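Dumping the structure here so I can ask a few things about it.
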Amino acid sequence: MTDRWFKIGLLVAPAFLITLVGGMAITLMWGASSSFQQAGWGFYTQLTWDPVHHVYGGGVFILGSVVTTLLALFLAIPIALAIGLFTGYYFTTGPIAVMSQWVLDLLASVPSVIFGFWGLMVMVPAVRHFEMLLGVAPYGVGLFSGAVVLATMMIPLTASLIRESVATVSLELKEGALALGATPLEVVRHIVWPISLPGIGSAIMLGFGRAIGETMAVTMVVGNANHLPTHLFDPTNTIASLIASEFGETSDPVVVAHLIHLGLILLVLSLAAGMLGRYIIRKQS
Amino acid sequence: MMSVPTTFRVIDLRVSIGTDAIIRGISMDFFANTVTSIMGPSGCGKTTFIRCMNRLHELVPSIQVSGDIVLFNQNIFSVNPMLIRRQVGMVFQRPNPFPTMSIFENVVAGYRLNGIRLAKSESAQIVETSLLKAGLWHEVKDSLHRKGAFLSGGQQQRLCIARALAMDPSVLLLDEPTSALDPKSTSHIEDLIAELKESVSIIMVTHNIGQASRVSDYTAFFLAGELIEYGTTQKLFTVPDDPRTEEYLSRKFG
Amino acid sequence: MHSTMGTDAQLSRRVWQDRLFKLILVGVALGVVLLLTTIIGFVIKQGVSVINWSFFTQLPQPPGARYSGILNAILGTLMLTALASILSIPVGMWCGVAMAEHPLHPLVKWAQVSVDGIQSIPSILFGIMAYLWVVVPMGQFSAVAGAVALSMIMLPIVIRAVEEAVRRVPTTMREASLALGVSPFRTTIKVVIPCALNGILTGSLLGVSRISGETAPLLFTAFGSPFLVLSMFQPVQSMPILIYNYATSPYADWQQIGWGASLVLILFCFVLSVGTRWVFKR
C-alpha cells in the first residue's frame, strides 16, 4: 500500500516543477503587464530611453544585448573551435589534456563580477590607450570592451561543448581515414568537421543563450549609455545591465514594469537560443 | 516422484511481452530438499521462468502472465509479492553485494531493509550461521565490518548466497550463479549447492550441462518456451525420452 | 602505390599544412592559458597584499580606515548558500529521484523540459522573481529573498546530478533488494539513494560553488549591508556584492579590499568545483 503512495508522492515532484516554471512565467508577465498596456508594439522599436521626459523605448537595449553578444561570439568562436579541436582530437589524453581541462575548469568557475573587475581595471585602460591611438573618444568602456569580456567568459563552456562534439566522432572513421594516408589535418577537414558540425552549431547557440543573459561583467565595462553604439568603441547598454543598474534604484512603478518587460524579452531570447541548440543536437541523433 | 512433498507447483504458466510469447504453457512440480536444474539454449525462457517464481518478472513493464504458481498451497499471484520474496530467495548471475554496506551488514540486509530490528546477539548469530552455510565464514570472520570490495568474485557470490540464506527461505532460486566466476570458485559453489539442499530447496538455471549433471537431482529441459522433458537427472542424461533433449545434450557434449 | 600518394611535392605540402595547423592550435591554447594566468595572477597580486587576520575578522570601514575587513560579507555568503541549499537540495533530490525512477511518465517528460527551461533563464531574472515574491510582500530586502533567488539557480544543478546518480545505480542492486522481499519504497530509500550518495553530494557542492559567485540575483533581494547581520529577515552583505560595490567605487583602498575578496572568492569556488570532482572521482 505504501508503494502506491510512494509513487504518487514521487510524481508530485515533476508536477511541482512544472507549476514552478509556470509560476515564474506568470509572475514576470504580470510584473510587465502595465508596460504592455502602456507601450504597445512600439516598445521594441522605440530607440529612446529618457526618464526625464518619460519616454521609454526598449529598442536600444534589445539591440545592445544582441549586438554585444554577436560580437562576443565572433571573437570567441575561433578560439573555442581551436581549443575544442585541441582537446577533442589532438590531445585527448596525457598531461596536456589534463592541464587544459584544469585551465578551462578554472576559467569557468571564476564568477562574473571578478571578470568585470579585471575588465574594468586592466582591460578598459588598455582599450582607452588603444582608442587614443585611433583618435576615438577614449572612454575605455563600451561595446568593444563588453564584447571582449563576454567572449572571455564564453570560451570555457563553448570549448567544452565543441570538444564533446568532436570527441564523439567514431574512432573507426578517423582511423579509416588515416589508414588511407590522410594527414591529421585532412582527417579534421574531411571527416571530423562535417560530422561534428551540428554539435558545434548547437554549442554556439547554447553559448549565445548563456552570454546574452550575462550581467555583472558586462555592466561594469559596457558604459551604461542608453543609446545605440555608433561605432565599435562607443559606450552602450544591454538589457541585463539596465536591469542591474536601474531595478533597485527606480521608484516609478511604470519603469519597473518596463524593466520586467525587457527581462521577459531577454528570457525569450535565451530560451529560444537554448531550445534551438538542443533541437540541433536532437535532430542529429 | 509422487511421494516427495512439493514446494512450487507451476500450472500452465504463459508469459509474453507484447506480442512475443516467451513461455507457452509450462506445468511442473518442484520437490522439497532437492536441487532442480533448468537448462536449455539461450532464449528458451528459463530466466524468465525463474524470475516468475519470485515475481521479479513484474519489473518488465509490458509483460503479461497467465496461469498459476502455487507455493505451499498459496497462489503467489494473489498475495503481496514481498511476502513471497521473503520465503523464496534469489542469487543473481553477477554477484551484487551492496557496496555501501559492510560484509556483516550485507548478510542481514534483508532484515534491515525490511525495517526488522534484530538484537545484536541475534544478528551476530544469523550472520555466523549464514556465512557458515555459504562456506564463507572462515575467510571473512575477522573482517566482518569491512566493506566487501576486497572479496574475489567467488567470495562475493557466496556472500550473496549467505545474504539470501539469512532470511531462512524455503526455496532458493539461482540464476546461472557461476557463469561469471572462474572454475575454482565454480566448483566451490557447486559443492555448496549439494550441501545446502539439506535445509533449502534449490531451483537453478544453468547453461552448463556438466554442472547440471554434477549437482542436480532433477533436471528440466526447456526449448522455445516449452517444457520438453523433466525427470531425474540420471534418467535425462542417460536415456532421455524426447529426441530434442538427446539432440541438445549431444550437441553440448559432442 | 606511388600514384595514390601524389607527387613528393604535394605530400610535403600536405605535411607542412598539417604542422602549421597544429602550431596554430597550440598557439591559441597557450594564449588562453596566458590569459587565464594574467587574470588570476592579477587577482592574486592585488589581493594578497590585503589579506591578513583582520581582513577576515573585521567589518568594512569607510575608505581610509586602518583595519577594514569583510567579515559580514563572508558570513553573509555562508548564510545565503546555506539557506539556498536547504531550499534546493531536498526538493532537488525529490525531483531527481522521481525523474530517474519514472522516466517515461508524461509528467516527468514535461518536468525535463521545465528543468532545461530553468537552466536557461538569465540569473538576474530570478532576482526579479524573488523581489516580487518576497521583497514586496515583506516590505524590505532580506537574506531570505536572496536565498530564494539563489535556490532557483541551484535547483536544476542538483536535480540533474541526483537524476544522473540514481540512474547510474546498477539495476542488479535494486533487484537484489527486491529479491529479499523488500518493498520498492524501501529499496529506493535504503539501497538506491545510499548508492547514489556520491553523485548527489558532488552535484550539491557544484551547485553551491556556482551560486556563491552570483551577484545579479542579489542586487535587489539580499541587497547588501555595511553591518554584520545574523537575521535572515534583514538585508545582508555577500562577497560578490561587496566586490561589485568596491570595484566600482573610486577609492583605491576599497578597490584593494575588493581584490582581496575576489581572491578569497575565486579560491572558494575553485576548490569546491574542482576539488569535489577530484575527490569523488572514484
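The first chain written gets the first letter, and so on, giving A, B and C; residue counts start at 1 in each chain.
Here, a contact is a pair of C-beta atoms (placed from the backbone, for glycine too) under 8 Å apart; a residue touches a chain by one contact, two chains touch by 3 or more.
Everything quoted here is computed from the prediction, not taken from an experiment.
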### Query
Shared touching chains for subunit A and subunit C?
none
#### Entry: Furthest chain, CA centroid comparison against subunit A
B
### Message
So, comparing each chain's Cα centre against the centre of all protein Cα atoms, which one is closest?
### Response
C
### Query
CA centre of subunit A versus CA centre of subunit C: separation in Å?
17
#### Entry: Whole-Å gap between the CA centroids of subunit A and subunit B
57
### Centre-to-centre distance between subunit C and subunit B (centres being mean Cα positions), rounded to whole Å
48
### Task
Going through subunit C residue by residue, note those that touch at least 2 other chains and give them in order.
183
### Task
Within their complex, state which residues of subunit C touch subunit B.
170, 172-173, 175-183, 186-187, 190-191, 194-195, 197
### Message
Touching residues of subunit B toward subunit C in the complex: what are they?
### Response
54, 56, 59, 82-87, 89-90, 92, 94, 96, 98-100, 109-110, 112-115, 160, 163-164, 167
### Message
Show me the residue ranges of subunit A that touch subunit C in the complex, using the header's touch definition.
### Response
2-3, 6-7, 10-18, 20-21, 24, 27-28, 31, 78-79, 82-83, 85-86, 90, 100, 102-103, 105-118, 120-122, 152, 155, 181, 183-186, 188, 209-210, 212-216, 220, 240, 243-244, 247-248, 259-260, 263, 266-267, 270-271, 273-274, 278
### Message
Could you list, by residue number, the parts of subunit C that touch subunit A in their complex?
### Response
4-5, 14-15, 17-18, 21-22, 24-26, 28-29, 31-33, 35-36, 38-40, 42-43, 91, 94-95, 97-99, 101-102, 105, 107-108, 110-111, 114-125, 127-129, 131-133, 152, 159, 183-185, 188, 209, 212-216, 219-220, 223, 240, 243-244, 247-248, 255, 258-259, 262, 265-266, 269-270, 273-274
